[in-house]
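First chain written, first letter: the chains are A, B, C, D and E, and each begins at residue 1.
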């Protein structure tokens, strides 16, 4: 007899009310990414961080028109705005005026506004690309270490230890300071920026590597990996189809949080005088010049603020992203 | 008035997604020396109920209403500090997962001593003696040595024993055990259940045992409360629930269980669908989307919440079906399927 | 336990060897890309208008004519068995660990490092004290008062804290508090603790606070996250069910467990800081190891660079070993084997 | 040949002192003269000495300051004004006696001079000091003039490696008072050479080679009380110093304390506030302090702004095509905006005067001329374009300019050059390198120059002594160029070389001066040097410091005169 | 078959011991039947399952599938065989990749094995979804949008995709609520009937095992102590451990608790790192004698198809009343 309670046949389609509103109709499922995105949209702080980031990216992309609209060529000297004896800007507040919205630099009278706008591009470029380098290395190393384990893991773990124990800044200085001028088909500032990206990225991969390794270790133990293996999947399939999609969220989150760190790293290198070659403006470089003119607040404050706002915006956004992807935060 | 009287207890959690009505109007009572079993599926509000009694539901911005009378005092309206004073001393709790419920950084002894010294002004040495005593009483071999072990050095069963020792350290009059054996193997589960029964007899405390295993309830309970979606759907003595169940959900639970004590049936009789989320409890009778008999109520099932109506001898059932029909269904359709195949 | 320490020790030495080889490599290999010869290297360390003979002599004296491997071997030997230093009028013994003599000042490197150690150590200790106490306190309160104004404000400040480059805050605080208001001493002020503890603290106040601000932010955030997590643990519920006072629940049960990941981070941070707070010391011109490192690199003074890099790496290694041992002590579940 | 040989009274009594703080007060007279002894003079240095050992140091301030604890055969005449460029005897009784062929110079040591331990100083101690300074392996920093000038024996390897060698062919001591220098070829400026610290006596039994710097035995009015290398040292009175033998050093303070590696900005601030009395390197205030001092009349009155014998310049390197063509080099010189360059170096006050030729004004016999005069000194695009056309690059070209990364002024100069040259389509790529290896590995490395097509390189030069040879030889004589470590990066002209030979051989001072001007002109015609500024330093007189006078020979305040109130 | 997990220690990581997770067990499963594997936690059930499917490499022993020795086949050679041998996992939350849609998950076997279907993979997947009682329109949904029971159905659908012959189910229902458990158990039974499947069902719940198995093997500390067909094992268990297990199961019958007499084992399962010698159960066995500590009892057939590893097996083939459970102390 078929008991009235038995409905285990083909008709048991009670939708999980927890997640589905209109039962049965919404055929397209909502992926975790979309859910995270919806959560993110509700997080006003993170969103405003994101907006600032987008704004900064736009500024970086449209630096040239912005500068031609509001300022002067960032490299152009304006001796007329400088007191020839003290070399300090003429006028109050570092020479701030409609002509020079944020004042001018001492000595050569370059327009601080346009230098800061132009500097955004370098900061973001290096921040982004260096992060990509570290994400790339970190992910590959982390996945390999986590997935294959054993002695591979041991070796990669030791390598990460070595990187951790390196006084990174000191090394970066030593390296950047003695970099050759031509190579890899690049020269001059192009090579310099490429080198900076590589060095910064190369030195910060272990942070991502560790996270990816940890995640991979735990993912590897998840039963869906065994499921794939029992279906006869090769390592490549398991790595790329099963594990990597699950790593995307943490990688994205930590990449977002690594970008500001790398921007700070670049600024620190520029501050120590081993950043991008002058006269290309960078925020860290401007700060390092400002040290000599610390009595000029505008010279110190604006590049400092630019770094601060950029880093803060990325941090806010990255933080929100992490919360959005991590249901525990709710 | 009974020793423990819970009246119309409601515990709701406002969350981003809506109001979670974890416990929605629960009423029951319990005397010293008796055991109440609360059964229900996962997420039906069993744990929240027990935490509510101890005043530990405060996790989020919980809203609690109703009355909880313990030995003549209403815990709901009592100041939090006073409830804290009762916790551990007058009422104590045993949790499901003994590993995560014990602090990993402190020795078992330390944790028992701590529990004892909160309510007793004694020296560490005295408390330690007491802890060793207790560990011995709950059947841990070599208690004097084991008192200095860390929880992770214990096996699952020993941890649960230690947990019980901790709960009993101040001779509580009300003991709540939330799924005390779910994480344990059968053989160990049997040991723990025996232990709890013995200890309850010895201390004459009131015991609430929460579980989703009908077998465990049957082993220990005098009374049984079946919960579904934050509400009590059936409440009665163990005999009522096992031999004269009147709620379709209870039938479903019984039908879902393969039983060792009977000839194996050909098929199990599951309940269709899955339990509702407590944010979106179905309108009317919360069980009606899964209930095979909901059509027989002429639409009332999805419109109004049925009352928890008494049948004879304090057996309470929350169902729209007329009593006679329920009994008929049980006697004629359900019981034979469960017992004869 | 002992085998664990020995294994870690061996690992650490292997690591230091790798680090030293890379450092050595940077010094020799990179200039070679630029087409450098022993003479070119040597001409860094002579006075202006030195003659060719002078340069050749110096190249010989500093051993640049030997293959890099031999030079490296000499360096390593110096560390383990000591070295000799020919000062013209005689030979001086440089006992192990001998990091050699500065190419520029001719001073032995090791005493210089030891000499600078107290500065960096003082900087790190004071700042660490401030940031741990401050960060953990703010983190705990934020976690307990989750969602309140205090929580949001302090977490906002924390994010701001990690977003501020130290060379910027350092400069601004110096300008405002030292040069402007005159409350704090100017950059570069340093008094040894043994000479005058009051002065010592007064001189380091500003670097301590700025550095602590930077780190406290991370610690506050981490503590908060940790507290939120541990306070949701089952054993906290157990502690409450025992009737424990809320304060004890938070401090003895919650905080105790939440602090372990912070311990790890602290070990790494502190180790790195002891190894040389480059930016902080540069901004405040404190005569510590960080400044030493920068100067050594600027001057391309290989023995000093090697010395400070290995010194710094040692601290990271030691710190992480200590952290691991502490971890095992704090968290009995961790077994070292 | 030196100036007047007459002994003079200490400077403060010679010149009328000024007590009111006025700008440039110490340039022409002694400011705040005093004979009051006592007090502690506090000095600071933003960097570190190369060495305190007289054989191993080559910084102007070191020569200047060292005279507090050493005495050399001759010295610059202390005090202000042009006389400061002349040499007077110090340890020697009089200036040197050249032999008729000009190949040997004889000095007589004063009687009664003693080391700090009381042993008398003899000519042997001076000769030993000179001989020990020969060992460049041990003393790589010191100048090597005497190594080259004197007729050292073939097998002489220095007093440490060949302790028994007889070096009397180079320096001879017929008696305890007499010392004779024997030269390879005639040399006129010996009195200038022997004022350098190689002739400061060193007692042989106290010599510890490279470690002597830690404990230098004093022959001057002060001796070391303590010396923490790289951090600080203190000098106290040397009671064995006899003022009767030494009319030039008033030796006013009882004690002199020196702090090393002080942050430059902090140093300025402390100098302004009076916490320290003296900035040892004497190169002037930092930009931040300039902004504070110049607008403030009270502070400005405490400054002195001398031109110093130092040229900041850009080497225009003929190795990098198309700069091998003189017209292309000229285009660079024409296009350069000298005002912008001057500003980059700190402007007319702190930076210097716009330089139109190589030799700076304080150099004896200098003549100012300008082969590349442009309107308002701002560069002449037209002339530059003509030169470019003549060179065959009417559309400009690309080249690289190097500078020392740690030197903001050089960096600013490079940026200014880039701006100016861009106007005539000469595209500059800028590259900063560490100062420590700038000459050894990069700009001064011939191989590197060629490989990386370095066209322009910024740097500077200050003279060891203010005559044509002292200033010019090292930076324009192509025969000094070697593989690495060059300071002459660009001047490779036979004409210049032969003029140099002519000038060095000329014994008549005036004619010699003229010949050096010809060298200067030849260099400018070769267009391989773009002069930027003749440096000026904005010096600040310390608060409460007495007896301050700018000495042209040292191009700094005269440190042996200073006292404190 | 054996599986030892190495345990290492010391400076140079010598192997100092082994977790004998599975230590010399043998059993066979016949076409179309269901073999239940029960035992307490940590006794090696999952390891056994993984060894059979070659997710783990056996330390020793043989796995023979359809007459072929697959013990040491390379992963490449094994791949085609995987179609015939599938696994259902315990945890419906971790066994489905949260980043894949249901369609991708259930379609994965086709993709991995390179199997072409007539009407395309999508249709095939939808058919299977329907077969396991899911709405085929849920093809594009993600696992987190389903309840535990539904997720377990998705997992089952995946194993069925390639029409395997043998399915190893490792605790397929123990993570589910009772009501859902019953749905899945019924589904498994229905599928077996329809598709002619062979099951090895691993579980620790004796009642569930009894419900679905034809034969049952009881494991203790890496060894099989008793194998028998369901009826004889549950009605007349021979090994004291089986006996104890059975009597420990709580029975949902309040009256029975007063009547039943139980065997109460003391203590816990010893560590597999260091198992007791000879008969591994002797430390907890009330019948243990000297011999149990000395000689390991072989797994011998004591009754028809009823094999047990015990020196002193309990009841002879005599029957006991099933309803009351049996208890002889």
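The rule is simple: a residue touches a chain if its C-beta (ideal position, glycine included) is under 8 Å from a C-beta of that chain, and two chains touch if they have at least 3 such contacts.
For reference, the UniProt names are A, C = ABC transporter permease; B = ABC transporter ATP-binding protein; E = Dipeptide ABC transporter ATP-binding protein.
Everything numeric in this text was worked out from a predicted model, so none of it was measured.
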List every chain that touches both subunit C and subunit E. A, B
Chain pair, B-C or C-D, that carries the greater number of C-beta contacts: C-D
CA centre of subunit A versus CA centre of subunit C: separation in Å? 25
Taking each chain's centre as the mean of its CA atoms, how far is subunit B from subunit E in angstrom? 30
Just the number, please: Cα centre separation of subunit A and subunit D in whole Å. 49
Here the gap between subunit B and subunit D, centre to centre from mean Cα coordinates and rounded to Å, is 93
Mark out which residues of subunit E touch at least two other chains, giving numbers and ranges. 147, 150, 182-183, 186
If I count partner chains per residue in subunit B, which residues reach a count of at least 2? 252, 255, 267, 269-272, 274
Would you pick out the residues of subunit D that each touch at least 2 other chains? 265, 406, 434, 437, 441
In the complex of these two chains, what residues of subunit C are touching subunit D? 31, 34-37, 39-55, 57-58, 60-61, 87-90, 92, 104-107, 112, 179, 186-188, 285, 287, 297-300
Under the stated contact criterion, what part of subunit E meets subunit A in this complex? 50, 53, 55, 75, 78-80, 82-83, 85-87, 89-91, 94-102, 105, 108-109, 112-113, 130-131, 133-135, 137-142, 144-147, 150, 155, 158, 162, 182-183, 186-187, 190
Spell out the residues on subunit A that touch subunit D in their complex, using ranges where they run on. 75-77, 79, 82, 84-88, 106-108, 177-178, 181-182, 187-189, 273-274, 277-279, 289, 291-296
Name, in rising order, each residue of subunit D that touches subunit A in their complex. 265, 286-288, 290-292, 294-295, 339-340, 343-344, 346-350, 400, 405-406, 408, 411-412, 414-416, 418-419, 429-434, 437, 441, 452
Contacting residues of subunit A [partner subunit C, same complex]: 158, 161-162, 164-167, 169-171, 173-175, 177-180, 183, 260, 264, 267-268, 271-272, 284, 287-288, 290-291, 294-295, 297, 300-301, 304, 307-308, 311-312, 315-316, 319, 328
